[in-house]
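Listed next: structures, encoded as structure tokens.
Same chain, two partners: chain A is paired with chain B first, then with chain C.
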Partner chain A sequence: MSALGGKAAGGEGINWQGVAVGIVIIIIALGITFAFGSEGLVIPLLGIIIGGALIGFGVHFVPVGGAPAAMGQAPGIATGVAMLAAGAGLAGLFGGAWAFSATGDFLTAVLGGAVGGGMMMAITCLMVNLTYVFAMGVPAASGKVDKDPITGYSFPEYKSQGTEGHGLPFISYVGGVVGGFIAGLGGTLIYIELLLVYSAGLPVLLEASAEAVAPLAVSLAGILAIGFFLINAVLSAYNITGTIEGPHDPKFKRVPRAIIGCAVASAFCGLISILIIVAF
Partner chain B sequence: MEEIVLGIGITALAGALATIAGAAEDTESDIGSQGDPNSQVQLAPQMGYIHRIFNKAISGEPPAYAAWCAIGAGVAWAFLQIGYNPALAIILGSIVAVFVQGIYCISGYLGRTASLAKFEQPVYIDIIKSLLSVTMAHAFIAIFCTVTVCYLMATVLHAQPFALPILGLLWGLALGAAGSATGNPFYGKERQYQNQNFGAGVPISASGNIVRYAEAGERSSLDNGWFTTKFAGPASGICFGLIVFLELWRTVLFETSLGGWGAIVAGIVLILIFAVINLWVEKWGRETYGPYTSEEASS
Partner chain C sequence: MTVKIEASSGGMPHNTIMMYGLIVSVVCIYLTYLNQLTDTQWFAFFGGIGAIAALWWGSDTIKHLCSYGLGTGVPSAGMIAFGIGAIAMVFATKFDIATPIVAIIIAGIIGAIIGYIANSIVNMNIPVMVMSMCELAIVGALTMLGFSAMCAGSFGFNNLVVAAGSGEVIMAIIPELGVIVQSGGPLFGASVIGGSVLAVIFILGAMALQHPFNACLGPNESQDRTLMLAAEVGFLSMIAVAVMSYAFIDGLSATIALVVSLLGWYYTFTQYVALSKRDAFMWLDAKPIREVGGK
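Let's turn to the complex of A and B:
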């Protein structure tokens, strides 16, 4: 119950009315795209929608403790959900874009982006634990589960008095790496889809050669991919409402809502991004 | 072969510059109190604890550094386009970015502190005068090093596709994410709550009761910078340095091996190595410190 006596908002359930509206928006976006450019533009939009949903899914794995974690009052990484996930995903985007530019191979590029995001999180999570253990003398303890599902370590006796736990238990570490991996995958997928659309569409629109517009296509795809990243990461952060410990946190059950929300937002924003080359 | 050797040299230089950038970024954010621990600086006057700590967290470190590094890289790129020497262009770009940071610091401090007027927290003009130049100097180092890393990526590593300003945005955000993630707990728990027990989290009931006095007089944010450079700054530097170095290293060395899968395999191996080290660190912490005991049981 909320402070005003009404029904509590932000639970685990799904609002089916909202889902129906979201699906209609996705269908309309796909329909408009098809009307402008047949299936040649629908498939990239589908890729963008999947990429957005992947970012939303990935963000929920990242253990983020925010301000309480900075005081050792709660487990997780002591920064914001959206920003940490975006940092990991964008580091992945750099690797993925580099791989695509060098090899032109779709699969190695998206996986290269995913590994880049996972590696950024692996290093960051390790440094966080080094800080907690060696500089603060605090062992890792989850506040949401009594035992680590992977290592089997028990937590209640390792939680200091008056806190909800601290540090990064191994399950949260794995969550962080998986989250960075999935977010990097989604971001690179969006970048490649946008790049393919712009590489094909901009020469026609600007009446110039493909080589001449290549820098513009790369820059436009890159900056919009960053934008997509932030949109989906922030939407997911709203779904998480504050902090999350990783896949073992009860808040993780809210993930279907984020996937639907991010897919809808990506569909609409993807439509606008694609209209740049067909509507002018 | 020559290209790979050059790539490794650039990778090492970029890693070193990123390490300096990470250390400067975290120290700047601790002196300016920009990260998540600033919630306590904002909360303290509301709990009756008036202080002289800088307070400029309008946004988190990642978007702030993304903006500053993108501005620095964008201005540097513009100067490069009209034929300026790269070193001069990067310095001029960083100077412009650091002036934006300075304006942001002043408006951040005045705005946030003024909002605490009803809790009788004064706006200290001498804090702005004494600390602004210090945060700007650290921010300059962080922005200059990051923009230089981006310049190296843009000019020497031809296979990567992005232009300098976009690289500034990407790596500025990663810099802020790495610095805030690694450095915040040390500034928050170990410095702001230095009066609490070592080896334990801050009890939620103690929130807002930050340390406000130094050996002589009231604690200044300069003292916080001095303290956090002992661990949080270097740790953040190592974090960002490793991210930049290993991202470039795995791609430069292994991009063409195993039919294009070499960089991916190398990345997965590195992730597994870091996971094993992390597991050891967690085990070491549990075995060394042991479970918490009540005062009666331990006496």
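Let's turn to the complex of A and C:
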């Protein structure tokens, strides 16, 4: 057993047997929730499942470079998927939580979270590119495609020999912002669904007024939403196996697996977190 | 200056570490129940010791899992462990005395499902994935449970969501009106979960779980050094939790926890430095740079 000596084993294609088991888990989770609280709890669980799937989808847009990017040997932002996704998700979560407490409107809050996540990624991508171009002195060039799908700029002339490209091309920048937007949307959706469940259920459980329980409901929903976000982001990171350049990367084709995986994980974790308010 | 060359080979088998970690962790978390039995809060620090035992075991699990090459960084494993652990731990606190056992069972089930998803739906195909995720989820849940118990003095749901001292029933007997029962109303916002102290515990634990192997990995990695670093980072997190516990338990108990964590940190840190010196190719004791002709 050598430390980090093995090769990442993420193959292509979809394992239909695994998907079938996953769908059964989702149905069981929905069934148990229905048995405990009829439609009142099933709809929040559906929201959590959709939120988890959105996080899994959004993470694939974000250009993640990891350590090679920090050395100017691969395009993308120079850190891991989990850290980037957590950053975008938490920024979105704060934006959405503020919007929900200020307006109380579901749509405004969810879109506020999405804009928060997108903005965090936009600022990160801009500063990363400034650092790459003016501090490290590498131009933005992708190794996976010859031409930028949006601007049409060509890359091979600018790519250094022996690298997979470097910097953050325009398509990766757009991918980052779109990814932050979608992931922020999903994260905020999970937070708000949990908050609605807890602010309705905790007063009954603790035999207290809704106003007294409000801070508890907010912090419990916030902490568990962070947990959901990290679970979904890491599952997506495992699907990407390390680095991805953005929506033009061939690895982007693996995205259906992450969406199914994140939906199943969110369904079961959502079941447990909703059962917190059920008295046994 | 002497350089002692000593290679550590093999080390403790992973299953032995798992058994020690699990048993010590559960026993220590249960020892915080002495608080209820003796009606004091002196035994809160046992929660922290239990959390460190779990982290010590978890570091070895991470080493086991990450040696297969996840393709993504080592820290991601720590983050997913605590994401699952948070959900399982909050759910389990409702079961009063059975809390640690329920936390282990629920975290184990969620971890196994996440491991199955990673292996079969995301197609990771790593042989130890299901078992490792299962273990990591239990580590996450036990660590958060231990630190929360240390912070609040108990692991019951009511102690974690209601601020200490609030909600006491005030009874007044006024001859003209009879007995008046007045309640101050429980303060949910000033509790461990309501005050979001749990979020800090989440990150303190996640850092302590993901750091040791991430820092020690490489061709020269040796098990005892990694595990000593795990204990050291665990005690470092425990210091922070002990400081936070001043807000929830009485000063004497919090001071006991702080002193225990400081002593534990000092011991493990000196041990870790000694092990690092042992594993280093050569160690030169740094001295102040003297300028030529200076005094």
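What we mean here is this: the second predicted complex is superposed on the first by the 269 of 280 C-alpha atoms of A that agree within 3 Å, B and C clash if a C-alpha of one lies under 4 Å from a C-alpha of the other, contacts with A are read in each partner's own complex, and residues count from 1 in each chain.
The working rule: a contact is a pair of C-beta atoms (placed from the backbone, for glycine too) under 8 Å apart; a residue touches a chain by one contact, two chains touch by 3 or more.
If you're wondering where the values come from, they're calculated on a predicted model, not measured in any experiment.
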item: Chain C versus chain B on the shared chain A, clash or fit after superposition; value: clash
item: Which of chain B and chain C A:Val197 touches, first, second, both or neither; value: neither
item: Touching partner for A:Pro215 - first (chain B), second (chain C), both, neither; value: both
item: First, second, both or neither for A:Val145, with chain B first and chain C second; value: neither
item: A:Gly137 touches, of chain B and chain C: first, second, both or neither?; value: first
item: Partner chain(s) touched by A:Met83 [first = chain B, second = chain C, both, neither]; value: both
item: Chain B versus chain C as contact partner of A:Gly162, first or second or both or neither; value: first
item: Contacts of A:Ile244 with chain B and chain C, given as first, second, both or neither; value: neither
item: Touched partner set for A:Ile272, first chain B, second chain C, both or neither; value: second
item: Touched partner set for A:Leu224, first chain B, second chain C, both or neither; value: second
item: Footprint overlap on chain A, where chain B in one structure and chain C in the other make contact; value: 66, 80, 83, 86, 215, 219, 222-223, 226
item: Parts of chain A lying in touch with chain C, wherever the complex brings them together; value: 1-11, 13-15, 17-19, 21-22, 25, 66, 80-83, 86, 206, 208, 212-213, 215-216, 219-220, 222-224, 226-231, 233-235, 237-242, 257-258, 260-261, 264-265, 268-269, 272-273, 275-276, 280
item: Touching residues (chain side chain B, partner chain A) in the complex; value: 35-37, 39-40, 60-63, 157, 159-163, 166-167, 169-171, 173-174, 176-178, 180-190, 192-193, 197-207, 231-232, 235-236, 238-239, 242-243, 246-247, 250-251, 255, 260-261, 263-264, 267-268, 270-271, 274-275, 277-279, 281-282, 284-286, 289, 291-292
item: Partner chain B, residues of chain A touching it in the complex; value: 66-73, 77-80, 83-84, 86-88, 90-91, 93-95, 97-103, 105, 108, 111-112, 115-116, 118-120, 122-140, 151, 153, 157-170, 173-174, 177, 215, 218-219, 222-223, 226
item: Complex contact set, residues of chain C against chain A; value: 63-64, 66-73, 75-77, 79-80, 82-88, 90-91, 94-95, 106, 110, 113-114, 116-126, 161-162, 185-189, 191, 193-196, 198-199, 202, 217-219, 221
